[in-house]
Amino acid sequence: MNTFHKQSKAYTREVEVRGHLIDSMILTRIFDRVMDLKGEFQVTQFTIGTQKTDPSYARLIIKGNSTQHLEKMLQEIYREGAVPVEIESVKLQPAPADMVMPNDFYSTTNHPTHIYLDDSWVKIQHQVMDKCIIVNRAAKTARCEAIRNIRKGDLTVVGETGIRVEPPERPREGLDVFQFMSSNTSTEKPTTTLIKRIAADILETKKKRGRIIAVGGPAIIHTGGADAFAKLIRMGYVDALLAGNALAVHDVEHALFGTSLGVSVANGQSAHRGHRNHMAAINQIFKAGSLKAMVQKKILTKGIMYECVTNNVPYVLAASIRDDGPIPDAVTDMVEAQRRYREVLKDAEVVLMLSTMLHSIAVGNMLPSSVKTIAIDINPSAVTKLLDRGSGQALGVVSDVGTFVPLLLNYLEKPSR
Amino acid sequence: MNTFHKQSKAYTREVEVRGHLIDSMILTRIFDRVMDLKGEFQVTQFTIGTQKTDPSYARLIIKGNSTQHLEKMLQEIYREGAVPVEIESVKLQPAPADMVMPNDFYSTTNHPTHIYLDDSWVKIQHQVMDKCIIVNRAAKTARCEAIRNIRKGDLTVVGETGIRVEPPERPREGLDVFQFMSSNTSTEKPTTTLIKRIAADILETKKKRGRIIAVGGPAIIHTGGADAFAKLIRMGYVDALLAGNALAVHDVEHALFGTSLGVSVANGQSAHRGHRNHMAAINQIFKAGSLKAMVQKKILTKGIMYECVTNNVPYVLAASIRDDGPIPDAVTDMVEAQRRYREVLKDAEVVLMLSTMLHSIAVGNMLPSSVKTIAIDINPSAVTKLLDRGSGQALGVVSDVGTFVPLLLNYLEKPSR
Amino acid sequence: MNTFHKQSKAYTREVEVRGHLIDSMILTRIFDRVMDLKGEFQVTQFTIGTQKTDPSYARLIIKGNSTQHLEKMLQEIYREGAVPVEIESVKLQPAPADMVMPNDFYSTTNHPTHIYLDDSWVKIQHQVMDKCIIVNRAAKTARCEAIRNIRKGDLTVVGETGIRVEPPERPREGLDVFQFMSSNTSTEKPTTTLIKRIAADILETKKKRGRIIAVGGPAIIHTGGADAFAKLIRMGYVDALLAGNALAVHDVEHALFGTSLGVSVANGQSAHRGHRNHMAAINQIFKAGSLKAMVQKKILTKGIMYECVTNNVPYVLAASIRDDGPIPDAVTDMVEAQRRYREVLKDAEVVLMLSTMLHSIAVGNMLPSSVKTIAIDINPSAVTKLLDRGSGQALGVVSDVGTFVPLLLNYLEKPSR
Amino acid sequence: MNTFHKQSKAYTREVEVRGHLIDSMILTRIFDRVMDLKGEFQVTQFTIGTQKTDPSYARLIIKGNSTQHLEKMLQEIYREGAVPVEIESVKLQPAPADMVMPNDFYSTTNHPTHIYLDDSWVKIQHQVMDKCIIVNRAAKTARCEAIRNIRKGDLTVVGETGIRVEPPERPREGLDVFQFMSSNTSTEKPTTTLIKRIAADILETKKKRGRIIAVGGPAIIHTGGADAFAKLIRMGYVDALLAGNALAVHDVEHALFGTSLGVSVANGQSAHRGHRNHMAAINQIFKAGSLKAMVQKKILTKGIMYECVTNNVPYVLAASIRDDGPIPDAVTDMVEAQRRYREVLKDAEVVLMLSTMLHSIAVGNMLPSSVKTIAIDINPSAVTKLLDRGSGQALGVVSDVGTFVPLLLNYLEKPSR
């Protein structure tokens, strides 16, 4: 202790943090960061929430070997929720050119963030990760902005001071599936029980008129889950669908010919000239002009895309380099596709990710940490990758989407079971 | 052609082969073997089955660079069904010691095999792969035998002559699930359709009083499939169960406490002192003395093992190095466990492999290629490994056993759907 | 036989096929198709290649229950190389509108294809799968064309007659890695031996001035393979690079900061403010204007992209929905990105696919079946998926790209080992 | 606060805990357990370690709804390191019969544990998980014991009182590979860097004469890592080898014939009669009588098993149900095999698990949480499963053992690099 104080105070800073420091592991992570960087800390004050609903409060002195060392540690722990006791104002610099951030730009997390701007805390709008923060000083507002949208002169947050991050609290004592699972991935977990709980969550969310967004891949159709998924849409459980070109093509092939990549979904046999069915489906879409036109012309009369069109469920189909077609409905420009995905995701409460790593990761990158995401994939690596980007609000289910979706529908139809 | 004939005839041999040479790819494989070994061949006669049920016949001259080269090729193609035109007698040597085969022993395949013994063809009994053939000359019988069962002096087949192998014909135009699937693995196949077909096959097999053997791992219980699987046994669809210690322990834990490794299967919550439940289950089995005794004493009143005991379905539990316990019912000696597995597998017609790579590979090694095997695992590598050892009669389903078994039960209960 | 002839001849057609019918399994597949569709066949003539280099010839009568049934079978077997004995002309119809094919369009395979046009066989140019064939009658040429490039009135091949497909022959008796591997995937194969053989193939290809195209994902950088891969480019073993935005971003992050997603590649530690490194890399690229500009301004002085720019190795970076940025160099429009990919792939002889499923499948769809492709991924499912789309010319290696690339470089540097 | 106190004190207990409560997440887990069980807690005292080396101390009152509810919570938090302020003595009961524990037996963790016996704390010997504790009152000693070793009358710990568990502290500020990795699994980590660090750890451990145990599967030989692994043994880096029958059989096949399952490891070609090589290897072992005898008779002159015999490195080969043979050296009784495994593992400091899930899980079950374990497998699920049973001292590397082992050897031979 003595050595701690005797040493120069030049490289110390006093910080404070409050919240569920213990059970949400906030303090653990702050200690970790300091120790990882081989710094020192001294806890000068600690008030523990004596009961489980009380927040805790800690005040620490962080000490480094040099100004740079100290700054390095502070920058890390600020991201974990610590703030200096003496509040500093956020630093701003104008963007030097269109689509260029100042060198020292602050890169955002997906947790709720505030900046200390002109003597008050301002909450960041549209919080997503890996963006910069653009400030409207006059309006006292600030928002996360993607690099391509930055315009020369935009006031951009730089450095790491004057910023307060609220790390996610672990969900507690609720009834939903996120409490139900102690760990985040379902291997060696009872799948049917899990599906029942997810169904209950979906029902609860819809009761409160919360938005549920589905992200899906063509495996839904391959594995025989298309009819059940279409019914989920018809029943109103899906508020928007984010997918790629392939899901729509497979769905239309299935609706027109009963096949998926030429194989009959009903009996598993290769269909006559089945190999050309998905190209024929694409051709029919081009011929009609769009999926919507196909529905209007009564060429497309069932399936996932049909239900979306009929029930006014918005969808965005992002093209990719591996697409056949892509069909007229697919957004071929990725910058535009991202913009539309983001728009759909506004106010999402629950996101269901069904067997598509590409689109699920895209969506994960666009969500604040507070949105509940449930990822279903038969590949455990895919599930792990999705959760790594997520938060405590993410749940992974390693299962077969071809049995998962029909069973989910079952429980939604008969919730009493 | 000329060069072929001009060269010395010393290193040539005439062979013949008959069967569905084309569609079962027998001739393809024979050509492959010769070309892989850089030999020459000449087709001297070829009669193709003019209609699909007719067998084909081919006669070939195989030519090598040396006696050794020729022998090498012959040995390979004999395993694919070719036989020399001039039939040679099988060669026999006595085993030099207990549990020792003659150096040049013939190592078996899992296909039906005959030896030419004392001027007639004798069919090998208990055909399995990687065994030697022991001959009883007096009785004119021969059988596959494991090395540990060989006794000094046993007449053992050596070399590769006088042996005729019948490679498996590809199943054709039937109604069962093996025809239904064009390829052998189910990725990107409609799972529910597949389950329906497997259910139809099971019903058909039981109608003809065929034996169905299940091989299962503890994932059946983890993933919530235990009740459905127990019901399958009760309904008479399982004639014997081959498993390890873990399946029984998890099943008893589930039956006694409702948990699997301490987690409630019904609601997914960690149970009180749940971590000790599987040890407590083991303790209860030791206390009663055996699973059978637990049932008699009405301590075990439901579950997979309960149904086996109550319905007189034989089971063999093989211990492994990673077992807790192992319980008294587990066969701890592996040589004995293999013997008992083999006994149960006699006359099996269908084998269902449910989420256990260890026991499924063990069983695969013990089956002739004519037994239908269906392997379900969520891990595609596990399914691939199982099929690699199998034949055209093996079908892999990449799915979640926790949803697969309940859905299979559904279709077996209501086959009309 | 009698029944065969007695029945009406109305629904029969005589076809012929030549090539390595047995060892390339062409006849097997033709028999399969007929039997799958429950048709009949009669082999009226069969001349087997008596030696391994001789082609075989078969003439068959195919018989169905109805005109439609017969056509169905014929359409399937034509794709396997069969042609009617009485040659029919190819049928053509004009495209009804821009980007719309006639309903009955012929959908291509990735095998060399000819059409019988105005009394002679014309070879299709730019052969790729899932396209239609557009004919220039005046010039007597025909080419595969993507749906989006079709213009109203384009003469399009329809139906299945007058088309001859050459199914791939299995590679035989060569020295390259494709002969070396008996099966197509490497699980349980000696990795270092395999790498040695791939190195030998690459050396051989470059000696003959063949084009080698690399397709790569960011895992090359994550797993520590960036320096070795950059050196492969510098040494001239890569003629073009096809990738996504992420590979370039990770490579620039690694070159500028020594990190990959903030983690030091050299020592595995999290770097100071490392989380923002990939955004900072993106910002630097935007600031310079492009990767090329970064190299010219000496901001980017090493790495994969640096070597491409410096050594004039063309690259195409396709954007995707999950990209950060995307950087100015990424092609954000997928139709344009596909066009550029296809351009680069012209005359490719060997394609190396390194740990990127998205771009590898895209490339696989753009290649004729004659191009050698080698796919390396740690995920066996990814490798299997890639090979499923390929041909006998595709080789899958299940390994860690972070050890694979350095070891490959080793052998290329010291091929004598 | 008031409500807390007003309520009956009947169902409260005061507990205390000390250690690195924050950074090792001990307090987090205690809070978790109470909240999971819907109990209440009040922190009456909390002294935080003001600097990073200081332990913290907390005193809490736990409150339930009933005696049973309270006990339930206490039992959970005792396992996390909490002890009642008023120390209670451990409770003992005699075992009711051979191989039977008292119903209420205490089931152990793999963390260091003490019991309060006759007024002093006694440390448990041979700490492993899922065992009971047997007490020798006279000698004041206690040990973990497997159920099969229990004899009637053995004094067994029951209930959850009088027991103190020391949860593992997270490793901090060291130089070894466990600090180097922030998370525990290596996907998206630089493999070669990781191998360098593991090599440094091995060198450091051997310098201090620490014991390194290898657990290995046959994939070492399949993938071409046998020579490098044999050299590791010869160089003295392996103090004992734990494996199954298959590793030895494959190794002997490789040493005698240069093949693995009949495929040449040097050139990847199928060897002449290669299919019988592994049976021939088994036959040679039976003929010699044992691996040791094969070495003495100079039949086995290289390879993994040869190096073990020659360098007096102890090995235990556990048989399994899927074995061919099993060879005379394999321990066929699983209870005996477990006993020998445990014996070898005494005083192990580092355990290297190389591509064998079965034996690695077995070994994981036999280790106290303080032993460093490094698991290498190409299957991420296998690595995850191994780590789930481990502690902070476990490191998973998702890589190809066929490239990993040669590269590890490289760094061990030239550590300066």
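We call the chains A, B, C and D, going by the order they appear; numbering starts again at 1 in every chain.
Basically, a residue touches a chain if its C-beta (ideal position, glycine included) is under 8 Å from a C-beta of that chain, and two chains touch if they have at least 3 such contacts.
Quick caveat, the model's predicted, so the values are computed rather than measured.
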item: Contact-richer chain pair [A-D vs B-D]; value: B-D
item: Most distant chain from chain A, judged by the mean position of its C-alpha atoms; value: B
item: Separation of mean Cα positions, chain D and chain A [Å, integer]; value: 36
item: Where chain C and chain D are represented by their mean Cα positions, the distance between them in whole Å; value: 45
item: Intercentroid distance (Cα basis), chain D paired with chain B, Å; value: 34
item: Shared interface positions of chain B, touching two or more other chains; value: 36, 182, 269-270, 381
item: In the complex, chain B residues that touch chain D; value: 36-37, 72, 75-76, 79, 96-97, 99-101, 103, 105-107, 130, 132, 147-148, 160, 244, 269-270, 272-273, 275-276, 278-280, 282-283, 286-287, 318-326, 328, 330, 332-335, 337-338, 341, 358-359, 361-362, 365, 379, 381
item: Footprint of chain C on chain D - complex, ascending; value: 180-182, 188-195, 197, 219, 222-224, 260-261, 263, 265-270, 378, 398-400, 402-404, 406-407
item: Partner chain A, residues of chain D touching it in the complex; value: 1, 4, 22-23, 25, 27-28, 31-32, 34-36, 38, 40-44, 46, 48-52, 58, 172-173, 182, 187, 380-381, 384
